[in-house]
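What follows is subunit A paired twice: with subunit B in the first complex and subunit C in the second.
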Partner chain A sequence: MSKKVLVVDDDPDVRTFVITVLEENQYTPLVAQDGIEGMEKIETENPDLVILDVLMPRGSGIRLYRSLKTDERYKTLPVIMLTGIALRSFLKSQKVLAEFKGGEVPIPDVYLEKPVEPEDLVEAIQKKLG
Partner chain B sequence: MKIKKILFVTKFEELCYDALSSLLTLTRASLEHVVFLNVIERDKVAMHRGSGYSKEEAVKLKETANIRFIDWAENLFEMGLEVGAYMEVGELIPEILKAVEKESPDLVVIGRSHKGPLEQLYSRSDVTELTRRMSIPILVFKHMTEDNIVPEKIFERPLLATTWSEASLSAQSYLSDMKEVIKEVHVMHVISEKELKKSSTHEVQKARREQRKKLDDLCDELEETGLKARAHVYVGDPAKEIEKAAREYQASLVILGGTGKSALMERWMGSIPQSIADKSVFPCLLIPASNS
Partner chain C sequence: MAVETILVVDDEEAIVRLLSMSLRSDGYSTLTASDGAEAFELVKEKSPDLVITDIKMPRMDGLELLKTIKEYDPDMEVIIVTGHGDIDSTITALQYGASDFINKPVRDEALSIALARAKEKIEIREKLAEYTLDLEEKVKMATEVIRRRANFQQLLIRSSNDGIVAFDSNWKIVVFNPEAARIFEQKASDVLNKMTVDELCPESMAQIFKSDIAGDDEKNLRLPWEETIFRINDNTIPVRFSRSVLHEKGEMVGSVVFFQDLTEIKKLEKDLLQSERLAAVGQTVSGLAHYIKNILIGLKGGSYVVDVGLKKDDTNKLKEGWRTIKKNIERSSDLVQNLLTYSKEREPEKTNCFPNEVVSDVITLVKDYAKENNIEVTPILDDSIGEVVIDPDTLHRSLLNLVSNGIDACLDDENIDKDWEITVRTFKEADRVIGFEVRDNGSGMDDDTKAKLFSPFFSSKGGKGTGLGLMVTSKMIEEHKGTIDIDSTLGKGTAFTIRLPYQTVTGE
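So, the complex of A and B:
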């Protein structure tokens, strides 16, 4: 059975691009448009990997990433960040949140800045899923 | 009533990062989440009248907005804030209302209306339209100086112009919840010329004393919550007197309660808060009437 990959991104063009890459490489794509829908899909669909944007309406990827990495059920779920937000800002935000809310979270497995080449994305997915 | 989430509506002309930055003092009070909205109005990407719009042009404008928002968002994320963004092609007011429905913000921040006086006469200003259709506070942001420098601490010296309406009174609870960022509150009431037309000198003084007493009681209530407050009674045209008081006491923000008048009444009789929000040089926070 093919592995399920959840794409969480508010940009329909990015979702289409990632879905195409996933289908061409025999993965089953799942989609969510924001962090809140993303969490719902993780709970109901149990994906094998999440590709996560950061700047989104409703819930951002920063909060969703943090929720996953501080939740016993999902802390080992691989996450690939795919975003326009610089890694430096992402890391600083996690540091500030850890300071105020407690609970350090590990840095993301893979952090890709948009735009990404299809082969780089596939390589990152394959590295995580085999 | 805490302001935890702001919807920041920008066209990048009048409302930029400096304006946003001046609101960030609210993180000391309760602010946790900022959502950006940029509406690309159809006129800007229209090809010809009635023949739709250029998708290519819309994509270009959306990407331009996205780049600005990413830059702003990075700063906000680094402060530990939650950030979201919308870039939409459409009409300003419906897109704001859609974002409000999805995000449930505690405050909407917009710039001064771009409509001219003639346009406003026929189609109402953006502020009027929004206050009529939303039941959450609106901050109408202004650049207070000629060189467009934004006040650094917009909530530092608010002037609450009360009419003793329900909305004016609920403004009080917003003030109490922002006490961490407020240095001093000025509260005022304007006795209108209409109220004084048939009055004798004695009655004018009596009216002034009564209003002053009510304002003093309000100040006492505010001081009990930890705010420093001062009362002022003015007489005359409310819009002019509120502007005058804001200048005299160097207010950083004017807070006004909605009238609760029906849309039809407002269309014919006008609304003082909305007129001030449209015309004043000061940033204005409009608190809606609960029945709006």
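So, the complex of A and C:
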């Protein structure tokens, strides 16, 4: 059975794009429009990988990422960040959050900045899922 | 000066001696003379305070002495000693200005009464003289103080940085300082006491001043106004003015207006606005970069999907990819247009148009998209609004922005039980203002979002917004001298109200 990959992004264009990439590479795509829906899908569908946007209106990617990395069940679930936010800004937000809430979270396994080349995305997914 | 020295005049030595003794015992010092000539010499030499003289005397008699003394010093008191029934002499003495009369033989009682009367007279006269002198001094001092004060006030008015114009109760100009002369480009000599408010000021301004007198709205009086003055040589000057009605004992005696030249301030404001805007565009580069990245991934992703569609001959993929590409081309062109509008000065291009029609056009544009998302868009139009002169482009773009925001607010609403709707209402306000209210019952905003709403490149729409829409709208409204207000409650919805001033088609 092909592996399940969840795309969490509020931009329908990105979802269409990533879904197509996943289908082309024989993965099963799952989609969510924001962080809250993303968490629901993770709990119900149990994906093998999450591709996560950072800035979304409801339940941002930052929050979802933190919830996953501090949750025993999902600590090892691989996450690819796919966002327009520069890595530097993302790391800074993590640092601020760590100071504010306590508890360091590991930096994302893979951090891809939009716009991403389809080949780079595929390579990152394959590396994670083997 | 009290009475100290008394001159006693009589040709009868016994009487002189007796009188002198009596007076000395009362504490006066005395001088004596046996006739008028001798007495007058003593008057000149010793200046007694009082003279008591008999009438009948050799050489110069008492009446002659009285006359001489009065000619020499009209203020000297002379008491005449007369015999019984000597009416003629008494009358003559009165005419010559005698102070008092004592009948012969002189009794102490009569003497002391006459003396007391004379003393009183002298004292009153002295006091009067003192008062008069004092009064003159005081008037002189007061005049000097008044002169200095008047000078100071004159100087104050002359050197004021405000143009000061004062009117009397007939609206004639009575104060017109050099700054006022500069602002109005009129010579004080041509204006003062010659022109009235109607000849100097634009009609609308004169109207305001006159309504000050009629109205008793104190608060209104203190609010400064801004207006443009058209000068003789056809150039204009922006001014701010504040005014007061002058009252004296409860009665209106005139009014005064203070003018400030705003030319420099307006220029600075404009420069500031322009530089703020440029800075905002600079600030945005990072915010914008995010948005542009989203457009790019849309284009890139779209082409990938099209490639896949072509490769597999999959029409659905082709359509989907092509739609994505088209949408992102649209987004980039909107972005460029908004950026250009925002960063440049733009004069509203006012022309004849029907505001209600603009509203209908905007609704037609968004109706289908709204319907797809179960959102009803309804116009509520005030039919009394006909053709007016405004910039239709400003109105169209502002309304489109606000209605689109309303749709987004409904889409963003988590309460899916609501029947979402957006109303666009037009209404007329006094003073040539038309209002447009765009109301949605979508997600609403919290105070934090409301506060940041008009700040550069703030967006509450995640990656979907540039944060330019409302900024561009508020800038265009501002350039049209209109206002935009917001009323929003989290969970309940939002209403934006635009107010635009207009001119009538006939140019009134």
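To be clear about the criterion, the second predicted complex is superposed on the first by the 130 of 130 C-alpha atoms of A that agree within 3 Å, B and C clash if a C-alpha of one lies under 4 Å from a C-alpha of the other, contacts with A are read in each partner's own complex, and residues count from 1 in each chain.
Criterion: contacts are C-beta pairs under 8 Å (C-beta built on N, C-alpha and C of every residue); 3 or more make two chains touch, one makes a residue touch a chain.
Just so it is clear, the structure is predicted and the values come from calculations on it, not from any experiment.
K.L.:
State whether subunit B and subunit C clash or fit side by side on subunit A once the two structures are superposed.
P.N.:
Clash - subunit B and subunit C, as placed by superposing on subunit A, overlap.
K.L.:
In the overlay, answer first, second, both or neither for which of subunit B and subunit C A:Ser93 touches.
P.N.:
first
K.L.:
In the overlaid three-chain picture, which partner chain does A:Val21 touch, first (subunit B) or second (subunit C), both, or neither?
P.N.:
After superposing on A, A:Val21 lies in contact with subunit C but is clear of subunit B.
K.L.:
Answer with first, second, both or neither: which of subunit B and subunit C does A:Ile62 touch in the superposed model?
P.N.:
first
K.L.:
Which holds for A:Gly103: it touches subunit B only (first), subunit C only (second), both, or neither?
P.N.:
Neither partner.
K.L.:
Could you point to the stretch of subunit B, among 5-13, 149-157 or 203-211, that collides with subunit C in the superposition?
P.N.:
The segment of subunit B occupying space taken by subunit C is 5-13.
K.L.:
Which parts of subunit A are touched by subunit B and by subunit C alike?
P.N.:
55-58, 84-85
K.L.:
Within the complex, which stretch of subunit A touches subunit C?
P.N.:
Residues in contact with subunit C: 10-11, 13-14, 16-18, 20-21, 24, 53, 55-58, 84-85, 113-118.
K.L.:
Under the stated contact criterion, what part of subunit A meets subunit B in this complex?
P.N.:
34, 54-60, 62-63, 84-86, 89-90, 92-93, 96-97, 99-100
K.L.:
Going by the contact rule at the top, pick out the subunit B residues touching subunit A in the complex.
P.N.:
Result: residues 35, 66-67, 69-70, 73-75, 77-80, 82-86, 99, 102-103 of subunit B touch subunit A.
K.L.:
Using the touch definition from the top, list the residues of subunit C that touch subunit A in their complex.
P.N.:
Residues 289-291, 293-294, 296-302, 304-305, 308, 317, 320-321, 324, 327-328, 412, 414, 460-464 of subunit C touch subunit A in their complex.
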